[in-house]
Each structure stands twice: as C-alpha cells, then as structure tokens.
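So, here come the structures, one by one.
Same chain, two partners: subunit A is paired with subunit B first, then with subunit C.
On to the complex of A and B.
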C-alpha cells in the first residue's frame, strides 16, 4: 500500500487565465478576474460583478479537440480544458500502463444548458431542445470528460457544494492508498449559471462591488467560474522518476459543522475539526504550517467563522493566510481544485499571493491576511480550506516533496 | 484492501410497501410502464420535527429512511454519512429555476435554492443527528450508489471499529417524467419494446466491518466501469469478476432487466453464459428504473439472503439460494455498469 501521494500535474482555467502560466502571471501581478458579466445572459449583469472566463462556448470548444456543437455544457468544456492540461503536465501518454481514475466535482453540472431548455419548456412542455437537457445531471460532464481523456476504469462525481473538489481530491488519494488505482486526475468544474448566481443573490450574500475577503466591511462574495485538476500518483508508477513533483498530499479531512444548511457555526467547530484532522494525519503541529490558502469567500458569516477557526487553532502564531477568491471569484465546486493548484504553485515557487482589496482589520481579531505579494518564502506545508453548504468542511494539506 | 463489509440494518422507501416491513413484504405490485412514486410514510409518526415543514418530498423520504435505518441498527451517531444520488433534489431545483424565470431574476425566495444542493440529504441527516463526521455525496449517474458504497468500504478500511450510514435517494417528478417521455425512455405499454418505467426511492444501510448476530448480509465486492468501448470489453470485465469470485450456476443473479430490448440484451447474454435460468431474478418492475435503483436491489438481496428465500415477485419461488450468494448486475443506459456481490452471513 503506497503511503505517499504525490502531485505530478496541474491544470487550471478561470477568470485569471486559461492555464497555469497565465494564472501565475495574474497572481504575481495582482490582476483580478472580477469584472462585469458579459458572456452569461443574465438580468444581474449590470449590478453584480463576477469572475467570468472571457471566452464564449464556441471559443472554448476551439481550445479542445471536440467537433463544433452548440450543446456542450460550459461546465464540461471548462473541465475538459483543465483536466487535459493536468494530464499533459504529468506526462501521461499511455493511460493503460497504470490504473487511472477520474474524479470530478461539480455543483450544478450542465445547469447552463438546462436554463436554455427550461425557458422554452416552461412555456410549453413539448418544446425545448432535448440536447439541452441531457447534460443536466452532475455526472454528465464528468463522463464526457473521462470519455475524451480515455478513462473508464473508475469515474466518479462528487457534489458537496463548495467543498466538492477538495473532496474529489481526498477520495482520489484514498483510492490510491488502498491500492484500487495507481493515479487519479481529481478536481472540479463549474460554469457560471443564472441558477447559482440568483441562488446566492436570493441569500443576499453577493457583493455588488469587487469582494473584500476578511475585511471588516466585507459585503459578500463574487461568483466565479472555472476548473482545476491535479494528478495524484504513487511513486511506484512507471516513469515516476522523470516527473516534475509539485508536492505531496500529506493530509486531508472532511467534517461536518452540523449547524445550519447554509450558514457556518459561530464556534467554527467543523472548520476547526477539518484543519486539525488534516494536520494530525500529516503528523504536523500548527506551528509547522507556513501558509493557509483560506476559503475566504468574502461573506460576513464565512470569513468570521474561518478567522475564528484560525485563531482557535493557531493562537499566538497565526501563519500567513490569504483568500485568492478576490482573484478568481467563488468558483463553487471548482474552488477546491483551483485553490489546490494555486496552493501548489505557491509552495513550489515560494510565493504567498495577496488577499486583494483588504483594507480594514476585522474587529473581532487582532490579525490580518497577507496583502502584498511575498516572494522567496520557504513554504514546506500549505493548508487549503474549502467549506460548503450543508456544513461540509474540508481541508487539504500539501507538503514539499 | 478488504472489500467485505456487513449490513447491520437497512431501510427502504420505494413504490412498494417496503418501509417498516418486517422482512420481505408478502406481495409486491408489478409496474412495467409509467411513473412509479414512492409510498410516503406517515410523517407525523416518522418525521415529527419542525424542520420537516420546509423539506421537499424527497428530502422527507430520505430522512425518514435514514433515521429508521439508524434506529434499527441502534446507532445514534454514525461514523460517516455517505449518500448517492443521480439527480439530487429535483423538485427544489425545478422550483427555483421556474421562479427565477417567472420573476425575471428579481426578489426570489432562497428556500428552494438552499434545499436544491445535491448534498442536502446527507447534510440534513448530519444536522438532525448533530453528526460532525465524514459527510460525502456521490452524484455519478448510474453509479452514484455504487460509488457511495465503495467510499464506505474505504472508510471502514481506515476506521475498522466505526460504522457508516450509506444510502441512495432519487425522485421522479412530473417534469422529469415528461422529459423521459420525450426522450423515448418511457415505455408506452407491455407491447412496447422501447423504454421502461420510471421509479424512485430512498434506501439506507448501516454498514460495518464485522459480522454480528443480527447482520442482514455481507457485501463481498463491487466492480464498476463506464462507457465501455465495445461489447468485448463488457464481457472481459464481467468475466474477470466472475473468475475472481468463482461465481457459478449455483449463484443467484439479480439483473437490471427493464423491458427495453436494447438495454436488456446484455443481461440475457450474461445469464445464458454464466447462470442457470432458474437462479435469476429481476427488480425494476418493482421499484422502477432510476440512477440509484441498485440500492433497492441491494436491500432486496440482503433480505432474500437473510430469509433464505426467493419471493415470487423476484424470480422462481422454487429457486433455492444454494450458494448463499447473489450477484446484482446492472447497467444504466449502456454507459455505467456495476457488479455487486452479496453473501449470506
């Protein structure tokens, strides 16, 4: 049974870039992806900024090897682009030489197409193009991506709201540890949709300005879209010696806050348990954590709970932390995958990316996130948090290999 | 890895009188077409909590099944809650989608959005139990339940002294049925060889890594695969599983036959190649076709193994479960395939 899980490939697409290189540049230049919605047709485009991938579906198709077709879900297209990057980065050419799995997360799957279908269907149920509804379920995008990549051994979709792709990565690691797979491409994908945009708006947790995570005057979150995947492997795999190692997944945990369907608890119980258990698995003490890529959505509730958890665990020695959602927006089920990629880039290059637009310290605590880019940092252990609806809390711990 | 886990208790809400039944029901109805809705329990008895007011039908069904399963298992707080669902909470999703279109994206009530999330059932159960443990939801089409079970196996390997509440929930709504009809997936009548019925259910299991006196059955192994490139690949995968477990004509096979000629072909071929016709059974005429119908099949098989009999509504009542093993073989629309081996304890 392999004990160590290594990351050998990264793939990312979001509002700040279409691949790892572009994303890294945006992060280094403090260039946000949050702006006016122009691709998604929504009544909220004038009032609510979001972090949109500024490419039409047709343009996204041209970045894949798929034939032209207007019925692909945007969720699938974003996912395919990022998953293929991860596979290429891991220098995996022959899929059959090792047992390969694909575990993808999404919150609403092909809801972007469902909305098109339902607009006609709701007026007359004999109308609506059926090609627009067959991509509705969460598993569709996963299966379509797996088919394009040529993976059919183990394919799974995880949907636990905003912690989904952290959970997909965790499950991938467990499959390898227990000897069921040799390598896994894990992460998640979510496209902007009217459904989720309006959902968060109805909860009154969207910011009408660019969001300010962890700021005392924070007003809410900006929605984002994108996909992020990492390749997990054991060192027993063929050609492992020649691979670039981005880090090791040394710990992970999923817990439940069991407080409220959408809100997080004031005592931060679930968040504390997730971070603590991830460190316990890696046999690390809080003082060994060099950076936390926080969930930090920008909502009053989440950020207070997360700082409460950080304060509770780290006390006198708060490690540098920042939320990169001010760059990427909140990409929901893709967030854990996108932030896993960002955390691994931070660790590999010794960067701590700034928490953009932070101005005022939260009155409840005496500490602040990192607001300026830090370079040449020695980061040996990085925590990445993802907290979701249904009290679903996950932490991933990456360590230098 | 040890793939064997034990079913400590099971609870099933389906279109049949399966909920709170003492063992296998004496009779079940046959439905070869149409929309099959689950028989709803008396919520005043089984879900007498204020939170139930805001829950959709599927969430109520699921929470009832989950709580009753834990009660039977005498477990207050499970070590993990793992759910599978193909389509999640459809009713809430439809409601929110309709409301955002009707109101041109203005002044919407968040309730249906809040409950539309795919992990709502697992979350609501955790909330009611104050269960802070591992909480996962798999939403992978026709393998949503199987992947949840596999997750439970992984969890029990990591935590052999713990237990898992694992289940599957899916619903058929008037909208989803209309879409199935338009897709040609809904069978017209018994003469129709295209399409099938449409069902739903909420089935939960309490699972652990050791056998006890009251254990219903054990799950010996699971194998799944997706989008096979050819029929040869399907047979190769099935053959590997059959050889691995030395499955013979003494074993009973419960297949996902659903009346659709194209879908049924592979079941007939597998039966002919490996099994005795007398040792076969079907279940989708009882619960309907849906993404997580294998959870119903798993519940049915566990009770068949416990009672050591084949009810007439499943197969030949004269059949004897000689080997004490049942193989559940299912596929969903020829894309997701699963093999699930259960054994008596």
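On to the complex of A and C.
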C-alpha cells in the first residue's frame, strides 16, 4: 500500500482571486480581499468588513456552465469552481481509470438558500421554494459538486468547524494509504451567510476594521468565503510521471483540547500536540520547519494560543510564520483548503507571504510574524495550521517532493 | 378549460421560480418531467403544494401523481374532475 501522498492539483477561489494565478498575484502584491460587503444582503454590511467573492450567484453559475434556472447554493458553486480547477491541474480526465474520492468540508452548506427560504416561509408557511431548503444539509453541497464532477467512488462531507478542510485532507490521505482509494480531491467550501456573520458577531469576535492577526491590538476576525481543494495521489497512479507535483503531504495530525466549546485552551495543549504529531509523522524536528502558515484569525484568543504553541515547540528558533487571513478573511471550513493551496504555492515558488496590517508585537512574546513578502526562500517543509471551535486542532505538513 | 390551462402555466412558473420561462414556453401536452420542462422530484413536491394551496386539492393516492402531473393538460383535467 502506498505510504507517500503527493499533491498533483490545486484549486482555489476566494476574495483575492478566482483561481491559483489570480490568488498568487494578490498575495505577491499584498492586495487584501477584505472590504465592504456588497453581494450578501445583511444589516452588518455598513459596520463589518468581510472578504467576499465579488460575484453574484448568477455570475458564479455562468462560470460553471450549469443550467441557469436551477437552485444552487453559493457554497456549492464556489466549491465546484475550485474543485474543477484542481481536477484540471492534476490532468485527471478519465475518472474511471483509478478509484477517485471527493471529500469536502463545509460548515454552513446551503445556509444562504435557507435564509432565502426563511424570509418567505416566516411570513406564510405555505411559501418558500423547497429547492432552497433541500440545500440546507451540509452534505448536499458535496453531493451536488461530486455529481457535477462525475465522482462516485467515495463522497464524504466533513464538518468540524474551522479545522474541517484540514481534516478532509487528512481523511483523504488515510484512505489512499489504506488502499481504499487511489486519489482524492479534498478541501472545503463555505459561502458567507447571515447565519455565520450574526453568529460570530454574537460571540463578539468580529473586527469592525480590517483584521490584524497576531497584533497586540488585534480586535477579532473578518469573515471570508471561498473554496480550496488539493488533489492527493499515490505515485502508483496512471500518468503520475507526467504530472506536476506541488509537494508531498508528509505529516498531519488532528487533536482536541477538550477544554471549551469555542475558546482554545490557554496552555495551547491541542495546538502543540497537532503540530508536534504532524512533525513526528514526517520524522522531522522543529528546526527543519521553514515556514508556518498560521491559523491566525485575529481574535485575541486564537492568536495568543497559537503563539503560545509556537513558542513552546520552537523556543529559540521560531520559524518564519504568517497568517494569510488578513488577505482572505476567515473562510471557516474552507480555510484549511485555501491555506493548503497557499502553503503549497509558497513552497513551490519560494515565497513567504506577509502577515498584512501587523504593527505591534504581542506583549506576551518576543517574536513577530513575517510582515514583508520574502522571495527566493528555500522552503522544504511547511506547516499549515487549522484550529477550530470545539478545540478541534489540525496541522498539515507539506514537504518538497 | 383553456382558461384554466393558461392560469396553471402562470402558477407553475411562480411556484417553481422558473424566472426565465414564459407561459408560451410551456407546452400544454408536453411532459413536465424528464424531456419536456425537465422538472425533478422536488418540483413534484412543489406541484403538490400548488394544488393544495391554490385549489384546495389533495392527491388521495400518491401513485396517481404520475398521471396527474404528466402535463399541464393532465393537471387541468384533474382539477376540473374534482370540481364537479
């Protein structure tokens, strides 16, 4: 059974771009996607910036060649666009030549359609279109994307809050290693919705200004939306030799704080275990990590815990690290997929993308994230962190193949 | 009958949210499902809701659905037969 998992394709859509090329340009030009909400109709649009994909659902449908008069959730549309890119990049044309899985993470699924349904239904319970409500279940977006891609060997949805995509990628890797699948398109998708905006607002962790991850004055996070997928394959697959290899998934771990429903533990136990176990799997020591794409949401709680974990593991030799959420906003279940793509782009091209808007060092520690774009870096091993509510912590470790 | 058919076409467009369709696009005798209008199983539920809401009619036997919802004409015939 294969024990090495390679990444042969990437797909991404977020507020900073509709594909890999556009996203890379935005990252190189320090162009943030955070701004005024204009597509989603919400009472918070004047007060709370977010990283919104500036395309209406209709415009997204036209990018997918789907029939127009059907009902699609925004989560499904974003996911389909990114997943197709990943398949194309991996040069997968014939799905039946190898057992192919689709593992997609989402936290809201078709919540955007549920909100449309609710508006009519709440006034008159014989109103509202049933097509809107059937997209409510998270699994619907995955199944709809898989149906469009033509994947039916294995289809699964993971919903573990903000670590979902990392866990989807992990499950994909495990299934290939256990000989259950030959290749997997794994990642996640989440659309902005009133549900999540209002929910995070109630938790009082939204920043009313563009967020400043790891800054001492950080106030909270900006919501974002998008999708990111990677194609995982073993080198035994047909046509593998002709494929572009973006990297190897050399380690991963998922751990739990068992501390609080939303807050992370102050001693950062779960985060420390996730990063440490990922490195152990790859048989790497902390000194070999060249860059960490941090979870770095911009909330006081997450960023303090994450720096505590980094300090605990790396001590005197803190590797360069940055959060790219100041670019993409926090895309919830899609974050791990989007940041896996960003981490692989960083490794492939030798870039470290800056932690935008960072000004003041956190008073608790003596180190800072990378604030200016670094080029021509030799990055052999890159960690990508995704820490979710429920104390659900995941770290992925990508290595140069 | 023709009046009812015209009315039904407008109601179907509204109920199923077929924004890009006009009553002229729906052929009275063409199948609503599959080849014709291309409706699916959720649309079938919407049509059941339409009959209940607009005409106060319920399908006694679910298996009748296939005949009743074959075309706009069969729906109109069902409504007429129940009116008598």
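Definition applied: the second predicted complex is superposed on the first by the 400 of 401 C-alpha atoms of A that agree within 3 Å, B and C clash if a C-alpha of one lies under 4 Å from a C-alpha of the other, contacts with A are read in each partner's own complex, and residues count from 1 in each chain.
The rule is short, and it goes like this: a residue touches a chain if its C-beta (ideal position, glycine included) is under 8 Å from a C-beta of that chain, and two chains touch if they have at least 3 such contacts.
No experiment lies behind these values; they were computed from the predicted model shown.
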Which of subunit B and subunit C A:287 touches, first, second, both or neither: neither
Partner chain in contact with A:134 - subunit B first, subunit C second, else both or neither: both
Residues of subunit A touched, compared between subunit B and subunit C (which is higher): B
Partner chain(s) touched by A:126 [first = subunit B, second = subunit C, both, neither]: both
Subunit B versus subunit C as contact partner of A:255, first or second or both or neither: first
Subunit B versus subunit C as contact partner of A:180, first or second or both or neither: first
A:68 touches, of subunit B and subunit C: first, second, both or neither? second
Set intersection of subunit A contacts, subunit C complex versus subunit B complex: 126, 130, 134
In the complex, subunit A residues that touch subunit C: 68-69, 71, 126, 129-131, 134
For the subunit A and subunit B complex, residues of the former touching the latter: 1, 42-44, 107, 109, 114-115, 118-119, 121-122, 125-126, 130, 133-134, 136-140, 142-143, 146-147, 152-161, 167, 171, 174-175, 178-180, 194-195, 198-199, 201-203, 254-262, 269-270, 273, 388-392
Contact set on subunit B toward subunit A in their complex: 1, 81, 86-88, 93, 96-98, 100-101, 104-106, 108-110, 113-120, 122-124, 126-127, 129-141, 143-144, 147, 151, 154, 157-158, 175, 178-179, 182-183, 224-229, 291, 335-336
Of subunit C, residues touching subunit A in the complex: 15-21, 42-43, 45-46, 49, 52-53
